[in-house]
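Per-chain residue numbering starts at 1, and chain names A, B and C are given in the order in which the chains are listed.
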Amino acid sequence: MKYKMMSRLMASAALVCAGASAQAADVEVLHWWTAGGEAAALNVLKEDLSTKGVGWEDMPVAGGGGEAAQTTLKARVASGNPPTAAQLLGMQVREWAQEGALGDLTQAAEAGGWADVVPGALKDFAMYDGKWVAVPVNIHRPNWLWINAAIFEENGLTPPTTWEEFNTVAQTLKDKGITPLAHGGQPWQDATVFDDVVLGIGGADFYRKAIIEADMDALGSDTMVQVFDQMRTLRGFVDDNFSGRDWNLATAMVLNGEAAMQLMGDWAKGEIIRADMVPGEDILCVAAPGTEGSYLFNTDFFAAFDVSDDNRDAQMELASAVMSPSFQEAFNLVKGSIPARTDVSPEKFDACGQKAMKDIVEAEGNGSLLGSLAHGHGQTSAVQRAIFDVVTEHFNSDMSSQDAVEELQIAVESAAM
Amino acid sequence: MTLRPARLFLYLILAVFCVYYLLPLYVMLVNSLKPLSEITSGGMMALPGDWTTAAWTNAWSQAQVGVEATGLKPYFMNSFLMVVPAVAIATLMGALNGYVLTKWSFKGATVLFGLILFGCFIPFQIVLIPMARALGFLGLAGTVPGLIFVHIIYGISFSTLYFRNYYAAFPTELVRAAEIDGAGFFTIFWRIMLPNSGPIAVVCVIWLFTNIWNDFLFGASFADYDSQPMTVALNNLVQSSTGVKEYNVHFAGAIMAALPTLLVYIVAGRFFVRGLMSGSVKG
Amino acid sequence: MARSAPSAAARMRELLPRIVLSPTIALIAIFVYGFIFFTTYLSFSDSRMLPSFGWVGFDNYVKLFQLRTWDIAITNLAIFGTLYIGICCVLGLSLAILLDQKIRAEGFIRTVYLYPMALSFIVTGVAWKWFLDPGIGLESVVQGWGWESFEFNWIKDRDMAIYTIVIAAVWQTSGFVMATFLAGLRGIDSEILHAAEVDGASKFALYRRIVIPQLRPAFLSAFVVLAHMAIKSYDLVVALTNGGPGTATEVPATFMYSYTFTRNQMGVGAASAEIMLLTIAAVIVPYLWSELREPKR
């Protein structure tokens, strides 16, 4: 009788499967955008697609900045049932492409003329082996310094442009009993700060060598020792309770005047707007110390998985809709990022967004538009996490900068193997 | 009468532990009934100044857990569709296994039982990828039956353990007597064993229901867009990474997601100790 | 075997139990032991993002034991496991004995003690995180009551954070252990107790000499449940500290998950899973052996 049950199970399963594949013109999208604004913005995409007869099958899995979704994705691919498209960060796109799991969007890309409007640094991730395998949705900038304008005004301070200036400003604030830097002690947040310090102290070429090329000499250099020295100094500028704090709570500290500054990506704007403050006025946005002129980026892609022929048209429709200027504008206005195509008018964006759109052009021109390590555009997952380990361990302990540099070399070497 | 202070002290200790166990639930409940502004400004333990059930309605039917603002409502059904058959089948199979292992034992049965039991201890993370492949191979990938199948497999070990230990204490003479009267294998099971399995069935159902209802890993990995269970939706609500955190809605959703298991514990709780008494603790 | 030509019915009688058991055996053989074998193979392979089958010998194990995080994870499991199992047993037993004193409202209290088992840490994680956070939780509440110097910041302290995980874990399962012991207590023949009481044994001696030794089976089942929960504990750590501060609360389960799924080093992840399985086996097999050696009727 157990057999009977099992066979009934199988039979009903077969029915379900048959039912699913009959609706050819649907896209199933795996993503981790479940927060109010961004999910609502995706809904715009969904409605847009439905006017073209393409149904949207929503597959959200939030958690850990997409980590949970990664696990789901692996299980889905292993079972031979990949989603039509999955939200991925740049390096993940590349890693999946190397596994041969991705499809081909070149047809849609050529029809839409993507090659002319997408910044080159993004193309490096969206294309593999000469084919478009993914479509970029946005461009985030993680190297922002958010400043509570009122606090700076009261204390007669000006936004710091180098790490030395930052230390002076922070010390002044600390002496007056204000927490200089709002920070949450989670590995990705520590790494966000680390990115800024590497770029700010070493410059774009050093960042490229040490982080993107994982060059052993650069990783072991005196510059890297200085970077860790600065991290140690920063540790002195955060409050006692930083460990484990979510980033939005750190942002809240800046908003309500408990802390003066935060190093965080432009998604922080959502929190600012929600608190009825104006980004660029109440809360200033400047490039992280020493990184003016450079642009770290972090882009969410929808990667096209290799699906059956029936679904390919719908997949192309999805990709074209994502790249359309109207969706890029609408979505990025909500998300705090800027469009992944350079021909969208900056008009509707706030001051910080407009600055970002100007800065990215400059950075692309001088070769300092660089992928962020903290946000999956600098290194493979293995090396990235190995660096996180050292950065976090150093930030949370009394490890010396010299030891940290040695650990860093060992960790990167072992993870890259 | 001299016992009085001692008794008082006894009740005091028990009460203190009640506080310890209830505290997290209290925090969740209180904060789910406050407006968000009160949470961010006030203390965690404070009672709401402005009682509101807005967060509850929000979590139930309006909150954004995906592209559409559906709340948790649709996901409840998915969870029930998965949990009820999985618990029923795993329990029944466990009962049959326990019956065979104790009343129709054969050479090597004990070793087999030992091997089945080890299945309780396999870390679920290691089965994800091979299981995904197996489900794909069986054509069950991304379906509710697929999820049920997975939960049955990793539930059988527990249900077999419970029923085997329970039936071990059940008088074998009764079974033999029935057999002499001409009752067959299944007749004895349906007529004699099952009707006497109440307490242990409660224990087994509570255990399986709780574990399967609360499972996130399998639900997130093996479900499709239309079969995601409650826990995945709750996780989407609570874990959204770059959005504003509406803690009151999160807490309301969390309690909501826990209500079915809480209900099972409250309703069936008193049978639980009785069931444990008659079953599993006898090893 | 020597019997001559058993009737069809008799053969059926012999075969039927095995047939009934066989689906379970098949499922377990494939989906437990087959998968363990698969993982074992992966631990010797060059798998990174997805399984691959290039043989690399013991490389993954060598790498694993060079990783500082793995050291931390193992040490944490030892600390956590010992304290968690120890405290749960002591607390569970004490509460069971207290609750066995003909308490009014026993049903209510029992349910209160037991309910945390019904909740997953996806549900209670946020509440615990708040409660333990010095800025908004217990510390600030007690300070608000006027005890200014009160400090409870373990979750932010590298050396103490693992203990906060013990607190939450004990909260979740000690009620279950209590129920197990309570069931054991209720199962003890009350006549023995009466006889001992008549003999003038003190209540304390009664429990120590007669009652507790009889709870051995209850103790063993509690131990098995606790041991496997300790080794598999994942949700709890992720919800409370996610391995932090730094890597101070990393445990083998979080380590394995992150290497397998986040870091794309599936080989190393599989090697750590293998070590976990061996640990589980080392705990469980002796238990099974002792319990199953003498067939019970």
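As a convention for this text, contacts are C-beta pairs under 8 Å (C-beta built on N, C-alpha and C of every residue); 3 or more make two chains touch, one makes a residue touch a chain.
This is a predicted model, so every value here is computed, not measured.
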Task: Dominant chain pairing [most C-beta pairs in contact] - done: B-C
Task: Label of the chain whose CA centroid is most distant from the centroid of subunit B - done: A
Open item on the list: Measuring centre to centre with CA averages, how many angstrom lie between subunit B and subunit C?
Closed with: 16
Task: Whole-Å gap between the CA centroids of subunit A and subunit C - done: 37
TODO: Could you list the positions in subunit A whose residues touch two or more of the other chains?
DONE: 2, 64, 71, 74, 78
Task: subunit B: positions in contact with at least two other chains - done: 93, 96, 128-129, 131, 235, 238
TODO: Spell out, as numbers or ranges, the residues of subunit C touching 2 or more other chains.
DONE: 20, 23, 50-51, 257, 261
Task: Parts of subunit A lying in touch with subunit C, wherever the complex brings them together - done: 2-3, 6, 64, 67, 70-71, 74, 77-78, 95-96, 99, 185-187, 240-244, 380-382, 385-386, 389, 392-393, 395-397, 414-415, 417
TODO: Could you pull out which subunit B residues touch subunit C in their complex?
DONE: 10-11, 13-14, 17-18, 20-25, 27-28, 43-45, 93, 96-97, 100-101, 104-106, 109-110, 112-131, 134, 152-154, 156-157, 160, 168, 172, 185, 210, 214, 216, 231, 234-235, 238, 247, 250-251, 254-255, 257-258, 261-262, 264-266, 269-270, 272-274, 276-277, 280-283
Task: Partner subunit A, residues of subunit B touching it in the complex - done: 40, 64-69, 89, 93, 96, 128-129, 131-133, 135-136, 138-146, 148-149, 217, 220-222, 224-226, 228, 232, 235-245
Task: subunit A residues touching subunit B - in the complex, by the definition given at the top - done: 2, 5, 9-10, 12-14, 16-17, 20, 28, 32-40, 42-43, 46, 56-66, 68, 71-72, 74-76, 78-81, 246, 248, 252, 267, 270-271, 274, 335
- [ ] State the interface residues of subunit C toward subunit B in the complex, per the touch definition above.
- [x] 13-14, 16-18, 20-21, 23-25, 27-28, 30-36, 38-39, 50-51, 95, 98-99, 101, 103, 107, 109-120, 122-124, 126-128, 130-131, 136-137, 140-141, 144, 171, 175, 179-180, 182-184, 186-187, 217-218, 220-221, 228, 231-232, 234-235, 253, 256-257, 260-261, 266, 270, 273, 276-277, 280-281, 284, 288, 291-292, 295-297
